[in-house]
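The structure's right below; bear with me while I get my questions together.
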Amino acid sequence: MNQTIVSYLSKYEFYKTLLDLFGGNESLLAFVIYLIAALVVILVCATIGGFGTYAERKISADLQARMGPNRVGPYGLLQVLADGIKMITKEDIMPFAADKFLFYLAPLLALVGVFATLAVVPWSSGFALTDLNVGVFYLIAISSLVGLGIFLGGYASNSKWSMLGGMRGASQIISYEIPVTLSVLAIVLMAGGMSFGTIVGQQKGLPFNWYLFHNPFTFIGFFVYFTGALAETNRAPFDLPEAESELVSGYHTEYTGMRFGFFALAEYIEIFVVCGVAAALFLGGSNLPININIDILPLQFVEIIIFITKTLLLYYVVIWIRWTLPRLRVDQLMSICWKYLTPIAIFNLVGCAIWMVAFNGRSLADLIIGH
Amino acid sequence: MEYSVGSIAPIFLAPVLAFVINAFFGRRLPRNGDWVAVLGVFISFIFSARIFGDFVFGKFATDYYIHKTFTWLDLSYMDQVWKFDLGIYIDNMAAIMLLMVSGVATLIHLFSTWYMDHDPRHGRFFTFLPLFTSAMLGLVLSDNLLALFMFWEVMGFCSYSLIGIYYEKEEAGDASIKAFMTTRVGDVFLLLGIVAIYMVIGSVTYTDIYAAIAEGKFAGQSVLGIGLATFTGFCLFLGAMGKSAQFPLHVWLPDAMMGPTPGSALIHAATMVAAGVYLSLRMYPLMVAGDLTAFIAIIGAITAFGAATIALVQTDIKAVLAFSTISQLGYMMIGVGVGSYNAAFMHLITHAVFKACLFLSAGSVIHSIHEQQMPKMGGLRKKLPYTFIAMFCCSLAIAGVPFFSGFVSKDRILGDALYWGFMAGQNPMLAIVPILGFAGAFLTAFYMFRMIFLTFFGTPRDQHIYDHAHQEHLSFTSNVPLLILTVFTLGFWYAGSLTGQGIVNVMGAKTEWFKILVEAPQVEKFVGSEAKKTPFIEPTTYTETLPVAVLDGQTGYAGPNPDEHKIHSAHVIGAVASIIIALTGIFLAFLMYVKGAIKPLAPKFPGYVRTLQNRYYFDKVYQDIVIKKGLLGLNRLLAWFDMGIYDRFAVDGWAKVNRVLFRIAKWFDNVVIDAVGVDGAGVAVNLFNLVLRIVQSGKIQFYFIMLIVVLCSYIWTLNF
Amino acid sequence: MISLASYLVISLILFVAGITVMVARKNLVAILLGVELVLNAAALNFVAYSRYLANNLDGHIFSLFIIVIAASEAAVGLAIVIRFFQIKDTIHVDEATQLRN
Amino acid sequence: MFVQILFGLSALLTISCVIGVVATRNIMHSCVFLLGTLLGVAGLYATLGADFVAVTQIMVYVGGVVILMLFAVMLTGGKDFVSKAQNLLGLAPTMGNKWTYSLAGLVALVFVLTNVKLLSNIITDAGPKTFGNEMPSTVSQLGHLLVKDHVLAFELSSVLLLGALVGAAIIARPKKKQ
């Protein structure tokens, strides 16, 4: 069975108390725990997604020596709330020639795809919603729903800008899935398992046990993954589907109000998830930077904080890149994927396999220090 | 003595590595990476030399061999064992062969760096040359027929690429396809033979085959009414015929000179064509078990003589050498056929050395004067002194003049053939083999010296070419390889005595080392040879060093032969006869082409000469009969079937049938309408067409429904 | 407990729908869509049998290969459809009656 | 309990979407319903303990096939057709109207019933045999099966995929201008 938050909690005494409270009905208790945990995760992520817009504006302002939002609340922190209220109260416009069914469906698909990935994000060693044994694979698979949502959104709007944006988005996402998957596969190969628990568990201890520093191939692989992930989330410099200077606003040109909000939210949460995966796969995930062998509940919260810190640092890098690099052309985008990233990723995969055989899976640091 | 895989594998892997490097990065490297190729082959030469030294200079017993295997493919499922082993098998023969192949290949690579310099296909050439060498080395190293077949095909592919390297020339393209397709005929049979062997004994490893022969597994089984040993032996020999250019599959080799000359030297003279002979020698017990020796001898004799006659009239210097290669391969096959096992193998080695040298010399000549036609040469002796020395010595060797290697090996074959044909009490018709052999030897001496005299002696026949020829200087890449090879055309390297007849002993106790080391496999020894197999990775613990005393004994000999005396006298007769024949041939050539004392005989037999110039019309016959009449005819038949029958009857037929029906209806309409009734006929025709149209609607989906309906009714009828 | 029959019924529905789509729709893409449904029905059956009848995972392997084949079938089929559209300017299946030109 | 609920939801999704695929005229909507069906089937796989197959199903279909189909629909105009031109006296089916739908459904039903008849003695068996109610990870077992027992099919499928890749690229390439 897969490890889940329920199976983790069942180790503790208070679980028995809770079980008594529910009259010994384990299924019901598990359902309630899952419900609460899922709600918490979704709410936290939605908040993070919302604050993503705030962070974006604040950091861009910082990079351009401006002030950024500073009127609503202290340091403009309540700007998020104001934006949300504005979005909800806006008129929901449906273009006359739009395909109504798909027009409604598209933002939901995007949002569902992102929320579904949250199920396997390894917040900490115990507090993952579920630790699927095909976790990484599942994450990559289900996140392609976002691409589908973007494509359908572009199509359903029945507008040229949207259509172009949607097609660009779909082709970009399915292309960049290949280098991303290949570089993730290299890590799966090293860890010997597809569940996040296995992968993160292999990177315990000091930073040189992270897969980032495991061998030269994984080091390159991290950058391949990160570049590909940027493209998959339609972030600059790969934000061609919504290139405002060419396509007005791309696939969500015709969307207003909360539907537009769904797209935006999906994008920001996806960035968070992708950064989280990068942190879990390459940067040691939620592990403490020291090796301790005690398992107490408060430690889980420390682990969550570590994981979120790493993720947010990467999140900062993403925003930093957006406000630093200019946008690519379409042909450059494709040639980067197919001519550079994919071959490099394949090379990395083969290199990792050879490394595994040649050095018995030991890391570079282990080889240097280990004797 | 422990051989780890690490000390054997570089023989094969170093050239492969060179190939990989040159294939992927060749263009980026200085000089297109030709030095990588040379280095790779040289490494394999060093490792081969070590093994050769251990095997030849008395570290092991004469019947020692290394056999290491690993499981390549394990498809065992439940309790069915189905797995396939690959491995390394080195015995004396393989050790000698390895040294020869890697040594000759090293020199040829070295020469090629000079010859192919500034050639537009430089890089491509140096990509395929090491691959080719590695395939040949792999073939020698491999311990089973399937691996042999794989390397065999790799070599076929390489030769295809190297012959067609100037693919923009139409002849080169044609020649490469011809070489590929002709050898393919043999290869199909080779594969058939391998499969047949696998079906019977469940393994294609040499040792297992030998053991199976000894245990009599082949006896009593038959395929298509032919004894199994005969069938498999014949199939394997057909493969060997294709690769070794034996009559009637020899047609590809003369055309193969379209490639660069060093390529020809490596492929079509020294090593690849020897693969066929090597296979025949490896499978010699099978050939004996299948009573194929007489057949092999006759094929060899026909090839030896026929190719020699064709070589008489060739004017292209490379064509003469190509036909002499075919002819010499014929001698090797005679050797296999008449049971002269070690002489055939020795001739393989000596021939490889002097033929490589001859081809390289020809390359040197061609490179210097940019001309291949001998009538335009002449007097080049002064311009190309080193090449002349090399070519002259090699010609002496191939002609069978004493003190040279050709004499040692060829005369042993001819002596054995003489004994076999006349004295062994066989069918008197088989005397044709030694007769053709000696006649071929005479012709060999004649045409080789015709070539030498036309090229190097006399006065320049084309002054312009002569004046523009470069004066040759001693250089490490251009003619030192030639001279090194020339040194090894001397006889004493091979026989210990200069003539092979025991007249002058040079190397003491190991005088007859070829005879001691190389002998036909004694199949009985291999029964239960599983124990000698060692796993691939662990260092082998199996050691069997022989006390030195045994080396001086006669272990290598098969035992006292009651006919020893007869054989000896046959050898003496053969030696004397062939010396006389060779000298006569040389002298005749001298008279004809230097002195002019005898007019060339060609004008007196115009018809025959034309036949020879057309190479006995083999190409024409293949072209006209096999390809035009056979394959093209078949194609035409199929096309006719397609167009004439299928199209006309099946497709147009429907239309015609419809039209005919309409016509009938019309007739019916016109004739019977008044009598019978107007509407009836019309409706009938309509209905008929309707059924027809429903069945033939051209709608995929309707077909699909029909499919399901038919399938359902089928299942339904089966089950109820 | 869920029985084997319930899976088979769902697979049956998928299969019937697939055949219906394949036979009834006129759009070439829709026909390919029906093929996917049929293949899915078969794969579902394999996995269900693997769990309920057999004692091994061979059914999973089969369904994996079915997925592989479906993917390549879709790629090639859709390529053909697009090519057909370039030539004929329509993807009506009844237009696809010629073997040449 | 979870499994039963998941089964119910997946079955509902599958069946309702499959009806959508058949019933809707809009080919684009058909594709989206197909997506729902495939996700439902993935859910059914999950209830059968086939975790790897389920995720592969999502990966290949959602990420690949459905997007490919949507692209194809978009590139070819996305119309569905109703044609009555080929009506042959009402005898042969005219494809694309309600009669065809009924006929096709009938044909398919007959086909399926044939098979049900064949397999009826198997179907009566109940209760999972493999693993009981436990659902252990199948990933490592599948890996071993793929490279041991089914290695030939595995290799062949890689060749097939390469062939499909190259073939699709060549077929769909726009015509060169003469």
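In order of appearance the chains are A, B, C and D, and numbering begins at 1 in each one.
Heads up, the rule we're going with is that contacts are C-beta pairs under 8 Å (C-beta built on N, C-alpha and C of every residue); 3 or more make two chains touch, one makes a residue touch a chain.
Model, not experiment: these values are computed from the prediction.
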{"item": "Number of steps on the shortest touching-chain route linking subunit B and subunit D", "value": "1"}
Groups of chains joined by contact, in the absence of subunit D: A | B, C
{"item": "Selected pair, greater C-beta contact count between C-D and A-D", "value": "C-D"}
{"item": "Centre-to-centre distance between subunit D and subunit A (centres being mean Cα positions), rounded to whole Å", "value": "29"}
{"item": "Centroid spacing, where centroids are CA-atom means, of subunit C and subunit D in whole angstrom", "value": "5"}
{"item": "Averaged-CA centre spacing for the pair subunit B and subunit A, given as whole angstrom", "value": "62"}
{"item": "Whole-Å separation of chain centres (CA-atom averages), subunit A against subunit C", "value": "33"}
{"item": "Multi-partner residues of subunit B (each touching 2 or more other chains)", "value": "699, 701, 705, 708"}
{"item": "For subunit C, residues contacting two or more additional chains", "value": "19, 22-24, 93-94"}
{"item": "Residues of subunit D engaged with two or more neighbouring chains", "value": "52, 56, 64, 71, 86, 95, 103-104, 107-108, 111, 149"}
{"item": "Contact graph of the chains (line, ring, star, complete, other)", "value": "other"}
{"item": "Touch relationships between chains, expressed as pairs", "value": "A-D, B-C, B-D, C-D"}
{"item": "Of all residues in subunit B, those that touch subunit D in their complex", "value": "75, 77, 690, 693-694, 697, 699, 701-702, 705, 708-709, 711-712, 715-716, 719"}
{"item": "Partner subunit D, residues of subunit A touching it in the complex", "value": "1-2, 27, 30, 99, 101-102, 105, 132-134, 137-138, 140-142, 144-145, 147-148, 151-152, 155, 167, 170, 174, 177, 193-194"}
{"item": "Contact set on subunit D toward subunit B in their complex", "value": "86, 88-89, 91-93, 95, 103-104, 107-108, 110-111, 114-115, 117-118, 149, 151-152"}
{"item": "Interfacial residue positions of subunit C with respect to subunit B in the complex", "value": "19, 22-24, 31, 93-94, 96-97"}
{"item": "Of all residues in subunit D, those that touch subunit C in their complex", "value": "3-4, 7, 11, 14-15, 18-19, 21-22, 27, 30-31, 34, 37-38, 41, 44-45, 47-50, 52-53, 56-57, 60-61, 64-65, 68-69, 71-73, 75-77, 79-83, 86, 95-96, 100-101, 103-105, 107-109, 111-112, 116, 122-123, 125-131, 138, 141-142, 145-146, 149-150, 153, 157, 160-161, 163-165, 167-169, 171-172, 174-175"}
